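What follows is a set of structures to go through.
There are two complexes below, and they share subunit A, which is joined by subunit B in the first and by subunit C in the second.
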Partner chain A sequence: MCADVTAATGGPAEAGSSSLKARLRKAEAKKRRGAFMLTLPLLIFVTVMFLVPLVGMIWLSVANTTIPEYMPKTVSALSTWDGKELPPEKAYAAVAEDLQAAFKVRKFGVIAKNLNEQMPGTLGLINKTSFRTGRLKTAPANWKDELTKIDKKWGEMPIWTLLKRQSASWTPDYYLAAVDMERGPDGSIQAVPPYQRIYVKLFIRTAWMSTLITVLTLLLGYPLAYWISRMPDNKANLMMIAVLLPFWTSLLVRITSWIVLLQSHGVVNSILVGSGAVSDANRPQLINNELGTIIVMTQVLLPFMVLPLYSTMKSIPDSYMRAAISMGAHPWRAFWRVFAPLTVSGIGAGVLLVFILSIGYYITPELVGGQSGQFISNRIAYNVQQSLNWGLAAALGTILTAVTLILFLLYGMITGKGKVTIG
Partner chain B sequence: MTQDHNGAFVEFDRVQKTYDGETLVVKDLNLKIGKGEFLTMLGPSGSGKTTCLMMLAGFETATQGDIRLAGKPINAVPPHKRGIGMVFQNYALFPHMTVGENLSFPLEVRSLPKSERESKIKRALDMVQMGDFINRRPSQLSGGQQQRIALARALVFEPELVLMDEPLGALDKQLREHMQFEIKHLHESLGITVVYVTHDQGEALTMSDRVAVFDDGRIQQLAPPDELYESPQNSFVAQFIGENNKLPGTIEEISDGKAKVRLDSGELIDATAVNVTSKGQRTVVSIRPERVEYRPELLPAGAQTIPAEVLEFIYMGDIFRTRLKVAGSDEFVIKSRNTQGQARLKPGEKIQIGWAPQDARALDAL
Partner chain C sequence: MKPKKLPGYLSPAEHGWFYLFRFYGIVVLFFLVVPLLVIIPLSFNATPYFTFTKGMLELQPSAYSLQWYANFFTDPQWLLALKNSFIVAPVATLIATVLGTLAALGLTRPGMPFKTLITSLLVLPMIVPLIITATALFFYFSYLHIVDSYVGVIIAHAILGTPFVVITVTATLEGLSPQYYRAALSLGASPRTAFFKVVMPLVLPGIISGALFAFMTSFDEVVIVLFIAGPDQKTLPLQMWTNLRYTIDPTILAVASLILLLAVVLLGSLELFRRRSEKIRGVSG
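Up next is the complex of A and B:
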């Protein structure tokens, strides 16, 4: 019988063995195609709505299109200039012709604004030169003399250095501005005057307030997660619903409730004054400052700390602690030596999650942060909506995205590693 | 091994336990465990055996009554000061520590110097033949190896009392049987007192000096394994320990520990009266399948015989299992060893079966 079986299966298997791999590949390819088709709509959506704008934003943070677009002759004339002394006559002629052209289509303002961002005072120079050259009926014999006559700045180095620099189609200047640096008149990199320094301070404030918020959520979330994880399942589910309840409430509603609670004539202050703990004149400022941002963001982000902690703790059976205690360890010691080390991956996950979310937060600091509780994202929004300096906004956003990305990779490493050790 | 119940090492004195304030999960427990004894708490889940173990370990508090260890009440002693070794069903080895660190833990807690810790760890590991595994992580060990490490860890600080909560429950059958003997031998060589919880009756019979059968929060019977198997004191124990044929009936006559029982099918049989007291009482006569004989020449003198019809014959390798219709019951089973020349009964065959009257035990009707 055994011989029969071998004979029966041996033939076809041998005959088909050459195409077996090919058939497997074909079958797998079909499966892969199916899976790909299922994810295709999402893929298209993510590409169009997320990846393209992201790449666009990164491009915007280094893009420098104004001068190459509106002063093409200047760009080509300066391409061979070494920048050591004043450029030759043909560069003067190129500038004049470019400005004349821009004057005709009323675009010299764009050039003026772009250059003025780099070197204050240039606005007047460009406007004046555009008007004067634009009205000339005939070209003068010597553009250099003509321009220097219009404004003697054309006879000095800084404007030419600036034009040369701005001729490049990309620029690191937005990044310099994002870290409170600028170009000096000679093109060297230097710090902006102290009163203009805001971004480094904001980055640092965003980082330390996010750290503080993360620590607070950990301090509040760890005991809570521990307590819930030691409950019987039905009660634990109920408690988790309570933890997740904020997710089902609009963020704006929650923030508004906090404003009601914390404002100077709000619930908390009224209770403090009513109970005599503080006098009416000395109502503490609980909102529209750093404190407000910290209080509200801690509450808003708490679930993101509790969830990973809870899921880690849930996987630690009671018997670990019991075993440690039965061996003579005081419950505290058992906790520190046995339970706490096993929750490290949960702590790492929760801390990084809250910190990542925190450094990018916008709406909460905007509504309850006042002046001192602003985050970097509020400044990005300002540059997008008010000052319309999209390049700077893009540079700030790219820096924030890069930091987040690094933290996220760290998060992946920690949770990935955690799975291996716990499992 | 001592049976000296007066000098009890562990004593439960009228202990009760309730979780919800309404139902008692442990009802009036009185139990004395001698020093060096291997006592098993056996029972179905929810019978209160694990609760008793946890009260002894200190992880549950007795609602009422005293628990004494070496004569001293320990109700108020926190678990980490009781000095009781414990082995858990899931082993509870600390996954972030190596085997050596796991064993070192109870010794560090006791502030033993490093050299002493090392020698004790080595001795404990050698005891369970795991000396080479000191630097492994628990996750790198098989279930049986983890079990040995858990055992070594519970013994390394030399407790006089070791509690084991279904320690072999997660192992496969063969390994479980092997570990049963190892634990038994360790118990014998170390002279420690062991309280062992299991729901596996085979395990309880194999390992224990005495077995306490739990049901419904009470000890139904406390006896050495052979007595438990051969002389169950009530229907629950008879049914829970080993296989058991039940013939329901009514007491017709009772005297001197002997009873005549009128079975529901009409036959009158002799039985040993165990926990029945009066005429007219309902009873269940319990007979072990291996004590029933169907070959007339092998029936003991004075045997009770009764007609039977073969319903099913099952070949199980070392034994034959034959299901019979006896006195109206379809579930009557006899077991016979697969010896040379043993006849195999055929379904439909009409035979006479019989047993010695002392093997038929008249118990309370459940």
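Up next is the complex of A and C:
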């Protein structure tokens, strides 16, 4: 408004140009605000319903709320303890009072469970101590003697080291568990017993099987993409619809058809037996194992490989190869030295895309993978739904998310300017 | 397959390579498509198995039946799942389309601040693995007490659908010359009229294909539903999942065939929209 008035009254040239600048700036700012306001509703929606849950999951993977919440006095009493020898009487009193309070509201079981996860055998100690102290009518003169009388473990170091450790409001324990590590009785980090080591193996298997699937899709997809990219447009479009049809079909529909094909009395086995290639008794096991996961995921992810390869190859004119051949290169040599190097960005995009999608797959391994074809995501689901170890599930999930996002940044660099496209 | 004429200067070995190569391509295409087609004849199976019976191979009419289709349309569990899918998917699509289109309009305006950062944030739901989204939303919705509710499932599916709308509409808008809008303004249209009468019809194909992507995403999504839906909210994919895991019967083949048909119809209309949009913008070649 102000600017308008100055301009209209025709002030000195100097003032006029600066007011024009101000008006321009104002108009620019208004434009920016307008553009931002349009994205705001979605930004809020995605923040509240996606980013906040994601951050919540990361928080859950390090959060340690039980002891700080239910044993506040102990936490403050132990905050100054150096952990070298048994804590002072003040700490014993704090533990007793916390457990008495927890006993009153029947929450000592939560404390016992939390500590027992870290040090098996603590469940009984906490339950016993809660009952005995909770029933005391008057406080004894010396809590240290009283607690040691209830259980002599109170007179030893491990339980105090554990309480001190669990007093922190965050913990790396779930991440340790996610890489098959744990804390020993003295708090040092050590590997879990061999029979409990599953996660490192599962991470390696996820990476290895995803690599294999990626290589297979490349081997199948590259020639196909090349073939389609050299076709006339109308034919190529038809072919691309064939490639896209599975891409558009429900994942469960595709898995259903693979089960129909691969099960022990399925179509493939019937053909094999019918043609006499294998005997009826030795039907090969094609599903509910590693092989099943690999076959099905290769088919499911193949379109994601073909699409970027096709669009890269489409932009390479036929004349390049012809020029190389006309100058005496063998067709193979022309392909390797001229065509293939031009498709490297497409290969990079396809390989990363398939690998990223593959490491996060859950449904396919769950339905056709049996025991040996499971991925890390299946274990995340198991910890959320069955073993109810949410902290561990959150830690595994955070690791998987971090790996995915890093790979995706790489993908963005390859495909240019972090642009994401469909098809 | 009609033989394609090869240039005469090629050696026999090169001919061989050419045909071998083409054969390989056809095999890969088969690998992609044939597994899908197998389920269609099997869905007319008269016996409750997933295999071709002798009668089916001999094309005896008695070996075929429509019972699994009939079962789908009469079984209360499947009908509930069908109903839920047609409640959740359209509502989630609507939310995703409206919010996604608005955001795309903002993102393509000149002077949009933090464009790259905001775009990456908005497409994040498409990048993060589904199992992670499902886990995070499950924890969050438990905290908000909206696990086992339609609201939760619809919100989750809307979140999943928005990146598709943002990407397709942004792409359409970026391909649209700003001259159209300016021309309309110069001819005396108000910004509102210019937008709704000129810009909107031009980007509509983009919006519709984004909406179709969002719809298919919701219609096909099972991981999140598995985590946050109760038995009352089970959708078609969840019922298929249950069927595959526990009580396997050919009804699922009938459902799968119907979904396949739906996919073909949707893919066909998407292709039509793409062609139409190219024609309108005069880029068809």
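Just so it is clear, the second predicted complex is superposed on the first by the 399 of 423 C-alpha atoms of A that agree within 3 Å, B and C clash if a C-alpha of one lies under 4 Å from a C-alpha of the other, contacts with A are read in each partner's own complex, and residues count from 1 in each chain.
What we mean here is this: a residue touches a chain if its C-beta (ideal position, glycine included) is under 8 Å from a C-beta of that chain, and two chains touch if they have at least 3 such contacts.
All values reported here derive from a predicted model rather than from experimental measurement.
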Scan A:331 for contacts with subunit B and subunit C and give back first, second, both or neither. both
Between subunit B (first) and subunit C (second), which does A:323 come into contact with in this model arrangement: first, second, both, or neither? first
A:363 in the overlay: touching subunit B, subunit C, both, or neither? Say first, second, both or neither. second
Please work out whether A:385 is in contact with subunit B alone, subunit C alone, both, or neither, and reply first, second, both or neither. second
Of the two partners subunit B and subunit C, which one touches more residues belonging to subunit A? C
I'd like to know which partner A:393 touches here: subunit B for first, subunit C for second, both or neither. second
Contacts for A:245 in the overlay, against subunit B (first) and subunit C (second): which applies, first, second, both or neither? second
Just checking: does A:341 make contact with subunit B only, subunit C only, both, or neither of them? Give me first, second, both or neither. first
Common ground on subunit A, meaning residues reached by subunit C in one complex and by subunit B in the other: 331, 421-422
Residues of subunit A that touch subunit C when the two form their complex: 28, 31-32, 34-43, 45-47, 49-54, 56-57, 60, 220-221, 223-224, 227-228, 237, 239, 241-246, 248-261, 263, 265-267, 270, 299, 302-303, 331, 356, 359-363, 367, 377, 380-381, 384-385, 390, 393-394, 397, 400-401, 404-405, 408, 417-418, 420-422
Inside the complex, what are the residues of subunit C that reach subunit A? 14, 17, 21-22, 24-25, 28-29, 31-33, 35-36, 38-39, 42, 49-52, 95, 99-100, 102-103, 105-107, 109-113, 116, 118-140, 143, 155-156, 158-159, 162-164, 166-168, 171, 213, 216, 219-220, 222-223, 226-227, 237, 240-241, 244-245, 252-253, 256, 259-260, 263-264, 266-267, 271
Mind listing the subunit A positions that touch subunit B in their complex? 317, 319-320, 322-331, 333-334, 337-338, 341-342, 421-423
Seen from subunit B, its contact residues with subunit A in the complex are 57, 59, 79-86, 88-90, 92, 94-96, 105-106, 109-110, 139, 153-154, 157, 163
